[in-house]
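Common to both upcoming complexes is chain A, partnered first by chain B, then by chain C.
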Partner chain A sequence: MAEVEETLKRIQSQKGVQGIIIANSEGIPIKTTLDNSSTVQYAALIHQLVMKARSTIRDMDPQNDLTFLRVRSKKNEIMIAPDKDYFLIVIQNPSD
Partner chain B sequence: MEIVHVYTKLRSEFGRQCLSSDRTTPLLDVRPQPELARNFVQRSSRDQALQACLEMSEHQVNTKRFESDSRGINHVEGGWPKDINPDEMEQTIRFRKKVEKDESYINSILQLGSVMEHYIRQNNAVDIYQEYFEEEEEEVDESQEPPSAKTINIFRDPNEVKRTVSGLSWHPDGGRKLAAAYSCLEFQKTSKDMSVDSYIWDVENPNKPELTLRPGSHLVCLDYNPKDSHTLVGGTYSGQIVYWDTRRGSQPVETSSVEQSHRDPVYKIIWLQSKTGTDAFSASTDGQVLWWDVRKLSEPTERLVLDPAREENLDRALGAISLEFEATMPTKFMVGTEQGTVISCNRKAKTPAEKIVCTYEGHHGPVYALQRNPFFPKNFLTVGDWTARIWSEDIKESSIMWTKYQMSYLMDACWSPVRPSVFFTVKMDGVLDVWDILFKQSDPTLSVKVCDSPLYSLRVQDNGRLVACGSQQGEATLLEICSGLSTPQKNEKSLLAAMFERETKREKILEARQREIRLKERSRSEQGQEEEARREEGEEDPEQLIARAESDFYNLVETELKRRERTE
Partner chain C sequence: MAVHFVLEGSLVYQDSDDSRSLKDKKGPPEENTADDTKAESDEETKPQASPAEDGGDVEDACKEDRPDSAASKADEKGPKLTNKFNFSERASQTLNNPLREKSCQTEPPPRSIFSAMANQWEIYDAYHKELQKQEKNKEKQKAPCSKKDDDKSKKKDMWLETLSDDVITNLSKATKIIERMVNQNTFDDIAQDFKYFEDESDKFRDEEGTLLPLWKFQHDKAKKLSVTALCWNSKYQDMFAVGMGSYDFSNQGHGMVAFYTLKNPSYPEYIYATNSSVLCLDIHEQHSFLVAVGFYDGCVAVYNLKETGAEPVYKSTAKTGKHTDPVWQVCWQNDDMDNNHNFYSVSSDGRVVSWTLVKNELVYTDIIRLSVVSDGPEGAQPHSFTCGTSFDFHKQIDYLFLVGTEEGKIHKCSKTYSSQFLETYDAHSMAVDAVKWNHYHPNVFISCSSDMTVRLWDHTINTPLFTFDLNAAVGDVAWSPYSSTVFAAVTTNGRVHVFDLSINKYEAVCQQVVVAKKNKLTHIRFNPIHPIIILGDDRGYVTSLKLSPNLRKQPKLKKGQELPKGPEVEVAKMEKLLSLLREPEQSSI
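Take a look at the complex of A and B:
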């Protein structure tokens, strides 16, 4: 438990990080540093995106799998680390 | 020579099986006879290509317009297991706590956390999307690219009965919206079920207009207020002026009274520069130019009758079809008339007679468009009959430059706001022409066939890249001009200034020469007249003049024929 907290605190303290969301494989947010409505929106939308990305990679090559997904937009960057049951979403404002 | 061999068979023998047997003597023997070959000539060999393959043909298909509408989706929480009610805080918190205690959760989060940290640090260390060569100008390919214009969107009149797009105006801030005035300009073709609405379109959405404007009668022209982008003023077919505020909705805020307005359709209305930002002026074919304050549309603030004799006589007034006003010269304005003259006026003159400063004649038909060059305000462009002409304010006799006579009538024109030497014209055959007078003066640089129906109006957006043109069938087409024609070139302004000066000087010289010739003629005819006055009284009547002209002509022809016979 404590290690999880520590890890999250470490990530939060990095430069430019705006928010962290941990969601499970069904899109339910477990832990978050943002407000509720944004969290729900992010978790639902990103869950769909990750499913689509993962299926794309696996369709092209069944041995392959998705390890990381970065979505860069004008305002910030959304980084998603997927796992079997959970995924970790971090929203960061890039250095420039 | 017929080779025929007849053999008979009994009817009862039909259908019998074939019994073949050998024979040594043939039934018929035709041997080759080379002598016959002399009757024939060998044909020259011919190459014939053959290909055994599938036959294919090319077809083009255009799908029907796909109407799309934007709608929002409301996200509600989901995915919770069946036994947990997402609205109950306690249950959700309990679920979350349970998950957090799970072994696999802890392991995966630790692992994901370290991966994520690595990437975050990477982001902070190096900007992977950094532009290295940002400020380089693309120079090389610009001049070699052929000019082009691409249609981006077509805004169609949503009503059943299509009306002409007679006026267009871009939204002053950035040009995301386009206001289009729809009316039927043909005499008595307006039917009762023709809708009077005009629309404001959002550039991105051609399916549905953003706002509908509902005036009392058809709008012939309209203009966005350059100072206040929410207000518009429009001139209607009935001669009234209508004022809208888009924040207030589709109904006009105010309409001018019928008695005080124009008596003919208002063909052009433009906002003026004033401290209050509420002044506009309008022109119509009834011969008047009226000034209005939009806060009080019950009567015009000022009136000018376009009588060339400067007598304010409405019966002799020229009908106005286009107006011109440049914000940098607020006291002067110009009016283009139905009779083909352009009248330059001064607003600040004391008496109405002095208001009309001078006239420029040159067109054979109504002057449909009139605009000063935004970079060289002394020169203005007019369009009427089959030509487009460029004038200089100083030369009143004729235009300094003109295009050759086109195949169809020119209906509207405007200068490009970014390139001083480029202007656009639209024609009755549905073609949009882009003219670059520094590049080629005899032909348009680019001719684009926009649609099959005549184009009636044209407006360039302030960035110079987007052009909207309106057709008779109610379609407003939005085109994007290639960057070669919408980015200013180096030295363009000075080259164009030199060109205008040269043409102006040429006209001045021609004018001076004409004046000399006329003076000579006059002095000669004065002498001649003194002699004639001793002989006759009064003028020769027209028949004698005609008879004299005829006899002169025949004499000329005969002398010419005789001369030709002599030389042969």
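Take a look at the complex of A and C:
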């Protein structure tokens, strides 16, 4: 567990990282470095996106699974790493 | 007086007044004696019942009713009989109980709305889980259960454990992926360069190449240590191991082994802290989780990356034959006949030792002792040993290897002869820092030393083929894996020299200062597949550089010819070079 904590700290200290959110499989945030309202919004919206993306991949081939998802927008980049029970969201502004 | 039984009779005494009145009333014909008796009995009961009656109204009513029937009877019987039947209808109404409605309602069961989609993958997952459950059940059945209670508690514990383990492992994997992604973004331009940048200006520079700096790897805890060993992982070719310690005799402290991957330049994947400086390391070719490490205090250790824990799985101690002086080089060998892993180490105490991993132990075998060949009187036993500082095993011939010593000699040895060297070369005037066989040509090897030279040899000839003077102590030299004529050397003034003998036999194709002049470069390695090299320096930094196209030239071909690939081409290239050398010798002789 300590390794995970350390890794999260390192990610947070990387250049341009705005926030990290850990949410469970239902889209409820468990841990976050952003403020409450944005966290809840991000978690709920991204949860839907991840479910859709995952469903797409697995429908094509049930033995396949989603490893990660990157959504790049004009202002920043949202990186999502889903897993069985949790998913990790990191928002980074790479040009900082 | 106690009354036990009362029965009211219905008999009337014949001669009594009562009976006479009855007879008068009746006046019956004697035919209907049956009816009469009935009527009599009824009449008799009636007058008895009449005083018990409530109202006389009822009596009258009955008598009125009855006269009809009596009349009908009278027609048959004669005189009209007054009916003594008292038909009384009695009714009484009980109190109607007030109706009260009483009901009770239970608490409704908790409900939740459930909706799901039966996708192909959901069905697949469900089948998969079933399969796993079945397999687990089979295993449990196979394992004999001693106590049921224990089993139950064990099952509970296992369930809890697997739940939390899953959570932890899931998160750790996701965090690793995310860290790599974030790093990819941060170092995006470097990653693009690594993959796609080819220096166009190389077309115009015929015999020169450049090195493009890529990532720089460093670790906070290793700032005071110098890089003492580098090794690429043969299975995961973006991963390399760095051994850190100190070359300074007077300033010995702890050491470190760190594993980096190009995908995450900001933090090592694995770190092991050691008590003594690490001087060399080697990653096993097939089992890339086994790492052999040699230390300054003479120990050798084997780490298993798959195991969690900071301690090595095998370590040599004073009892198990550890070296008495620093171990300068370790090298994994092919598994021996019992399929045990084994590796060799060379050290300043003059021994080349073979270590075999047998179950939980490290078993050592002295292969050879580097004895000093003295010119003294015959029969005098040489009892001093020189310090071995580097060695290398032949790529094709398994038993052949070279050892470089502190005196500057290189000995060609065989694993099977433990007392004598096959050959000795007077290579350098100072300690031989590195000796390396060519990857393609079976006869050629290269050596470098602190006497500022790099020399190329053919092991059948006692004198060097080429000598290059680099103006500064040469720390390390390495052949390139893609060409038999390209090699690179690093010097203590922070320069990298890349030579390509098929292009230029006398000068380096590339001479570049890569790190600040204060930093001395200590080691260099070529990546097996990517066109990059990594350099270690004495400040604990590992720098990666990309080789420009000129440094990676394949032999030019005439148009129409297929591009021949494979080691034969490289061997031919080298042979051509060597033949050029031999011809002038022959011609001079």
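Definition applied: the second predicted complex is superposed on the first by the 94 of 96 C-alpha atoms of A that agree within 3 Å, B and C clash if a C-alpha of one lies under 4 Å from a C-alpha of the other, contacts with A are read in each partner's own complex, and residues count from 1 in each chain.
Methods note: a contact is a pair of C-beta atoms (placed from the backbone, for glycine too) under 8 Å apart; a residue touches a chain by one contact, two chains touch by 3 or more.
What you see is a predicted model; the values in this text were computed from it and never measured.
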A:G27 touches, of chain B and chain C: first, second, both or neither? first
Which superposed partner A:T7 touches (first chain B, second chain C, both, neither): both
Contacts of A:Y86 with chain B and chain C, given as first, second, both or neither: both
Partner chain(s) touched by A:D35 [first = chain B, second = chain C, both, neither]: neither
Contacts of A:S55 with chain B and chain C, given as first, second, both or neither: second
Chain C-contacting residues of chain A that also contact chain B: 1, 3-4, 7-8, 10-11, 14-17, 22, 67-68, 70, 77, 79, 81, 83-88, 90, 92, 94
Chain B partner contacts - residues on chain A that touch it in the complex: 1, 3-4, 7-8, 10-11, 14-17, 22, 24, 26-28, 30-31, 40-41, 44-45, 67-68, 70, 72, 77, 79, 81, 83-88, 90, 92, 94-96
For the chain C and chain A complex, residues of the former touching the latter: 117, 119-121, 123-125, 166-168, 170-179, 181-183, 185-186, 188, 266-267
Touching residues (chain side chain B, partner chain A) in the complex: 75, 77-80, 95-96, 99-101, 104-106, 108-117, 119-121, 123-125, 127, 129-130
Partner chain C, residues of chain A touching it in the complex: 1, 3-4, 7-8, 10-11, 14-17, 22, 55, 58-59, 62-63, 67-68, 70, 77, 79, 81-88, 90, 92, 94
